[in-house]
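The structure that follows is given in the form of structure tokens.
All chains are identified by letter, namely A, B, C and D, in their written order; residue positions are counted from 1 within each chain.
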Amino acid sequence: MITVGAAPIDAGIECAAISATGAGGIATFVGLVRADDGVATLELEHYPGATEAALAMLAARAVERWGLIDARITHRVGVMVPGDIVVFVGTAAAHRAAALEACAFLIDRLKTDAPFWKKETRGDDASWVEPRGSDDAAAARWSH
Amino acid sequence: MGLELVYFAWVRERIGHGSETVHPPADVVTVAGLIDWLAAGSAVHAAAFIDRTRLRAAVDQTFVGLDASVIGAREVAIFPPVTGG
Amino acid sequence: MITVGAAPIDAGIECAAISATGAGGIATFVGLVRADDGVATLELEHYPGATEAALAMLAARAVERWGLIDARITHRVGVMVPGDIVVFVGTAAAHRAAALEACAFLIDRLKTDAPFWKKETRGDDASWVEPRGSDDAAAARWSH
Amino acid sequence: MGLELVYFAWVRERIGHGSETVHPPADVVTVAGLIDWLAAGSAVHAAAFIDRTRLRAAVDQTFVGLDASVIGAREVAIFPPVTGG
């Protein structure tokens, strides 16, 4: 299931939902806003409709590639503060290797390809985040 | 029927609004041509679009290059490179 | 935190607990009893005291190797049925790669080195599970 | 003061109980020697310990080889290879 919205994400509820598939192995990743470099707020903007479609396509690719039973992506948008959950990714498979790899694939891809734009505020300064090379490298390892 | 334009992130901020409806002439056939036409008609758009290498686009919610066709399109989005989730 | 006990494991509670560390990236793995090959029940036996100590040492190694903020292992013992959660592993790190790798490391090691013994019942037949070569191979990739 | 023995999995099942206290003679100095002494004194233990390659041990909750010392030990565990969590 793909969800993009401004509501706070509850890690427990998300994890319980993907675990309820009853698959043998469930892998999840929870990404939170870090307070690195004095970030006060993180604002995420998305392209309503297109972003959801892009995440659904990404999830479908993971399901096919790793034979997943289910994949779940829940993404928050709007203004967040350090400690808030930005994204939840959950994968369910019969065996653990598939679930773990697919989960890592999804979060790496989400961090690069997904149609989101980030704006950080530090004190009085607000700036749009530029794409990062390290994220591209993390995503590239899945292309073989 | 007009063409719906949507903007995101700093493109949206520089233009000052998230969407607008325009009626480009028939010789505007690509996203790049649309950007040129918008920039020619408005100093605000010209400033927002000044560095074309930092612009990305989607036509009817499909991500495309700036050389993609806008013929028959209902919605064109113009935005900076995505920074991921 | 290391917990070994007979109480059912709640994926939501576990995931919420490790997410509460507020680290930038949280990876979790939930392992459930599969109904493969007609398994009716899975019984896990452990060595009270020694098993907890072994898991604590494993978690400490992961914390050191990946610079984790926290690691959480919750393991069930006793008789379980398909769909029951056997194990929860959660890792918290500033960055996602560390959390994801450490989580995969912990579950791979748990599946081989951890002092547990498994007994499966299928119909009227009950048998102790033999160590599996594929698990050893999964664990071995972390030894470099 | 006796030596506490603990058994797990099919070793426990074959012996019929999970723990017992024994008083081995002074010439029992290794886990393997302890196993030999137990097998010599009881047909049930002999049957449980028949294939030594399938036995593993811990001395005072530290996992060791069968050649490890039991001198001064308070607890020795004998069990099959672990099958993981």
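Here, contacts are C-beta pairs under 8 Å (C-beta built on N, C-alpha and C of every residue); 3 or more make two chains touch, one makes a residue touch a chain.
Nothing here was measured: the structure is a model prediction, and the numbers come from that model.
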{"item": "Between chain A and chain D, centroid-to-centroid distance (C-alpha), Å", "value": "50"}
{"item": "Chain A and chain B, separation of their C-alpha mean positions in angstrom", "value": "27"}
{"item": "Intercentroid distance (Cα basis), chain C paired with chain A, Å", "value": "24"}
{"item": "CA centroid of chain B to CA centroid of chain D, Å", "value": "76"}
{"item": "Where chain B touches two or more other chains, by residue", "value": "none"}
{"item": "Residue list for chain C, restricted to those that touch at least two other chains", "value": "31, 111"}
{"item": "Category of the chain touch graph - line, ring, star, complete, other", "value": "line"}
{"item": "Chain pairs that touch, as defined at the top of this document", "value": "A-B, A-C, C-D"}
{"item": "Complex interface listing, chain C residues touching chain D", "value": "31, 44-45, 47, 49-50, 53-54, 75, 86-87, 110-119, 128-132, 135"}
{"item": "Residue ranges of chain D touching chain C (in the complex, touch as defined)", "value": "6, 8-10, 12, 58, 61-63, 77, 79-85"}
{"item": "Residues of chain A defined as touching chain C within the complex", "value": "10-16, 19, 22-34, 36, 82-83, 85, 94, 96-97, 99-100, 103-104, 107, 111, 138"}
